[in-house]
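Each of the next two complexes has subunit A plus one other chain: subunit B in the first, subunit C in the second.
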Partner chain A sequence: MSASSSRVGAADAPLPSARMARGAGGGLGDRLFAASLRGAAWIVVLLAAGLVAALVWESKEAIGRFGLAFLYQSHWDPVTGQFGALPFVFGTIVSSILALLIAVPLSLGAAIFLAELAPGWVRPPIAFLIEMLAAVPSVVYGLWGIFVLVPWLRDWVQPALGAWLGFLPLFQGPPYGIGMLAAGVILAIMIVPYITSVSREVLLAVPGSQREAALGLGATRWETTRIAVLRYGRSGLVGAILLGLGRALGETMAVTMVIGNRPEVSLSLFAPGYTMASVIANEFTEATSELYVAALVEIGLLLLLVTIGVNGLARLLVWSVGGPTRGERE
Partner chain B sequence: MSPRLRRWKSDAVSALTLLSALIVICPLLLIFGFLLVKGASALNLDFFTHLPKPVGEPGGGVANAIVGSLIMIGLAMCVGLPVGIAGGVYLAESRDRRLPWVVRFIADVLNGVPSIVVGIFAYTVVVLPMRRFSALAGGLALGFILIPIVLRTTEEMVRLVPNALREAGLGLGIERWKVTVRIVMPAARAGILTGVMVAVARIAGETAPLLFTALGNRFWHQGLDQPIAALPLQIYAYAIAPYDDWHRQAWAGALVLITLVFLASLAARMATRGRTIAR
Partner chain C sequence: MKRWHGLAWMLILTLGWLPAPAGAQMLVNGAGATFPYPLYSKWFDEYVKVDPEVRFNYQSIGSGGGIRQISERTVDFGATDGPMTDDLLKKAPAEILHIPTVLGAVVATYNLSGSPKLAFSGDVLADIFLGKITKWNDDRIKALNPSATLPNQPIVVVHRSDGSGTTFIWVDYFSKVSPEWAQKVGRGTSVSWPVGLGGKGNEGVAGQVKQVPGALGYVELAYAITNKLPAASIRNQAGKLVAPTIESTTAAAAGVATSMPDDFRVSLTNPPGADAYPIASFTWLLVYKDQPNEAKGRALVKFLWWAIHDGQKHPAALLYAPLPAPVVKQIEAKIKQITFSGKPLLASK
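Moving on, here comes the complex of A and B:
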């Protein structure tokens, strides 16, 4: 099945009768078949609802006990039964923002290169490499982070940052290597392929007539890209970035392995931190009291709700440019 | 702005985008280089055939973890494939008005749900009632992750089947369900297989949802209702341990894992050449 056949398939005018009609009509076999397919679709809906319901149920004790204070209390002490999620929320937000700051310019640049500027023969190999990068498991990134990235940050990057920008509170403190900076960098590496490939698809979905119009007015290649392509695909690109953010917020293993896992709120990027996903990963099996488990599940619930929001918004934005499926695209 | 300046600016930005593309693929080369150098030196036959050795004894392997991973991937496919494929066919073939849109949206959102949250879900619905960590819980968590991926790729691939085929079948008086099962789905087989391979590549490397479902195990698997080892879990345990020999094994395990994942991705790519994988 090639790209060209996809265009042929989409161009065929779909006869309404050719696909399954709604409910009525057909013999018993048809109705049973349609019902079982619809059943599978409902299972997906029910699974999603069950996911939210199960997390709410398991965390109800913590929700009832701490209420909203759970979000802004920074005291996390299983021994005395005090649970405040602030350090984890803080760590998740800071590491994700840091990752976006690094990843967004690079990803958009690479996507523009792949979709607009690269000569035809270099596109497939580079796109392939970027897809491979997306397929690398999180734990492998973490392993590489511990033994390659962290020593490199400790010995080279952090001393240099400390020397030049040490007057900023962001870059103060001893260079451990492990810490918020390492988490941000490893997250950036991990979300770059997602942002790049979705942005690239968004750019490719921009109609060619947009480019031709700008070029016809005498715009240079960059002006064409900026005026006719980027502006047209703006909402889709924001969606791509949000998809990357969604990944970064929930990423667990690689971050857990390099962030240092200390529940503190520190301004310095050199200091160890903790994220919502990593505290669940580290403490869930050790959680002895019911309240402890409930608090961890509540962190998971928060993570779920935030990523549902971010991803839902991202999908709507990406769909606004390309349509929900390739088949429906012009 | 003069035309020359504009052209210069255009070239400069083009160069910057080329540079960012190069920077983006750099980590892949670095990660691969280290995996090959550090992993290959620790690989030997024992690694694939032996159980892990106790702390302090060098050598040993991760055979149980490889078997455990395969078992859980199999379980995940049993759970996830029927729902994913049937749901995908539904999305592509159905003329219902609202449900397909809702399901498509939910599937895409589920695809972005952190895998550790799926782990908590499997913990609450399997581990808590059974009162023990088990292969079953791990397989269910992986199956949950598999569903939205398979669903969406199946939909796209079934959608690509030209309508002329459906019309030809219906024109011959064949029942609709037979047209779908005997004509449309075989035509989309390669594409559906691609989706399955992509999903397998993804769940093979998942670690977070297994931490408190499968838990890990130092021995061969002892039944689906018992804790079970998995390759990603073993890599994680070895990587954060303080022993050099374990670090070597972690690199070797990562090399094996990434080879498996890339083979699956490559197989997916081969099945439908010219189409992009990640979405």
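Moving on, here comes the complex of A and C:
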């Protein structure tokens, strides 16, 4: 304390040199500022690279033993040391896609309603409720899934789907309730708040002049929303959906509780499945052999790669649709 | 200046909440199995009254983690529900001892309308979990339960999805009573299940069994008792139907006392003895035979001695089965073998 105050006093004493020093210090400050920002950016890159390197290093035994077969083998047997990741990759992707299929129409509908149609007094409470949903811990969703969603799916939804659409391989097999469908539905509920609140912000950011112009040209309300608002905010909306997808791919607890945890590739949504995040959470604590641990770490590496891959694909999709809209470039 | 005062006060208040760092006190660290965690934390709590100089810190990270950490010497003792394999023992930097502390049992629980009291034999259970018996009204189940009304309903098998000592005990039993299980599936904390749904933890299995009509799963005895789940009787090696209780679990250990291997790495499943419940197991603490630190080693040995004697009055209240007297005698001899650089740590008692 006393040391620092005396240092300040010493620096303050000679005025003209202090001004010079301050000028030089400003340059130094700028350079320090730039360097620290650059450092911060690089740390992010190094962290990501370090993460991949650590995962590869820790899983080298499994990579060496199984090679590419790890990706397409579907046998997972810790007793004999046979490990294949296909059922987990399949389960992660299918449950996430299912979740998006349910959540995207719902979320975009809610976001459009809140941003364009809802009377002013309705907006804040509904927006607040939706954001509240995002704050519910996933284990709570999981418990709700086991005790409410699963019995409901088993007793009502699955028998109905089986009766009407049972000719499709998607809806065959005994209705346990627990399974891929339950996982997809619970993931959908979990990502709706994310997609909705981000989409709502995107739509609210669309300038009013866009709407006025469309309305002025004689467009109906629906046409205005479609042409002037949704098209304008397209890349933001895709970003919102990607955010939801990212959460769906990595979600662990709630999915584990309802998916049935069976490493099998089945076309039927009624059948139990397994995801990459779930198998790591389930088996890592009791994995004793080195190969077993390495196989689980390799699953983690795959999860990272799948997440990056899916996000990359989605970005490409956005660019191919026409890149950032003209409004954004201006 | 005022702000500094505020910060200083905050610091003092925060530090005040932390446990007092008494100079003479020793911290003994351990990690491992989750199954005995409630008992161990009770023990460490009680043991403070016996020896206030020692504090135990136990992380219930799972048996696999316990084995890894003791093998890397990052903890003073480990804990596991399944014994270390020869391979793992060989890889450890020095000789590791298994000290049994208490017993647990695994029970078959089910969801049938009317909750009839059911009985199974080992081979019937194994065939259900192999997917060979698929209906509740199968003749072999009927033969074991002549008085129960069994519906023509599919059996939905529920197993643990997380790696667990409970699973190890369950499949270890199957491996002994069913050659087909031993050959096709084998034993481990996670196995490749031929049929069924996976639930995470005892609560996950119990939740799914409760939710799915016709389900059959397995949970720890303590969990089944506290949650009043139906628990099937099992036909033991002597041919008697035995209900899972604390007494019948202790009887399982008494059954193998005469044939106890020197390192206690013994499976108690399917034991001899008329009253023995056949799906039971020890849980072990893992300690180095030659302790690296004299003071800590002495504290640890004193604690182990206490745990297998005075400590044994605590398990029953927490629904674990205490060690039978002949086994305690055998463990005494083992604890006396623990040394620090060749010298026994326990003064002759």
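We adopt the following convention: the second predicted complex is superposed on the first by the 258 of 330 C-alpha atoms of A that agree within 3 Å, B and C clash if a C-alpha of one lies under 4 Å from a C-alpha of the other, contacts with A are read in each partner's own complex, and residues count from 1 in each chain.
Here is the rule we use: contacts are C-beta pairs under 8 Å (C-beta built on N, C-alpha and C of every residue); 3 or more make two chains touch, one makes a residue touch a chain.
This structure is a prediction, so every number in the text was calculated from the model and none was measured.
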| item | value |
| --- | --- |
| First, second, both or neither for A:27, with subunit B first and subunit C second | first |
| Subunit B versus subunit C as contact partner of A:50, first or second or both or neither | first |
| Which superposed partner A:77 touches (first subunit B, second subunit C, both, neither) | second |
| Per-residue contact with subunit A, leading partner among subunit C and subunit B | B |
| Touching partner for A:191 - first (subunit B), second (subunit C), both, neither | neither |
| Touching partner for A:146 - first (subunit B), second (subunit C), both, neither | both |
| Partner chain(s) touched by A:134 [first = subunit B, second = subunit C, both, neither] | first |
| Partner chain in contact with A:203 - subunit B first, subunit C second, else both or neither | neither |
| Contacts of A:255 with subunit B and subunit C, given as first, second, both or neither | neither |
| Partner chain(s) touched by A:272 [first = subunit B, second = subunit C, both, neither] | second |
| Doubly contacted residues of subunit A, that is, touched by subunit B and again by subunit C | 1, 146-147, 257, 281, 284-285 |
| Touch list for subunit C against partner subunit A, complex | 4, 34, 61-65, 67-68, 85, 88, 154, 156, 161-165, 185-193, 196-200, 204, 207-208, 211-212 |
| Subunit A residues within the subunit C interface of the complex | 1, 75-80, 82, 146-147, 150-151, 154, 174, 176-178, 256-257, 260-263, 272, 274, 278, 281-288 |
| Sites on subunit B touched by subunit A in the complex | 6-7, 9-10, 13-14, 16-21, 23-25, 27-28, 30-31, 34-35, 38, 82-83, 86-87, 89-97, 99-118, 120-121, 123-125, 144, 147-148, 151, 155-157, 159-164, 166-167, 170, 175-178, 180-181, 190-191, 201-202, 204-208, 211-212, 215, 232, 235-236, 239-240, 247, 250-251, 254, 257-258, 261-262, 265, 269, 272-279 |
| Subunit B-touching residues of subunit A, taken from the complex the two chains share | 1-3, 5-6, 8-10, 12-22, 26-27, 29-30, 32-34, 36-45, 47-48, 50-51, 54-55, 57-58, 105-110, 112-114, 117-118, 126-144, 146-148, 189, 192-194, 196-198, 201, 220-223, 225, 243, 246-247, 249-253, 257, 277, 280-281, 284-285, 296-297, 300, 303-304, 307-308, 310-312, 314-315, 324-328 |
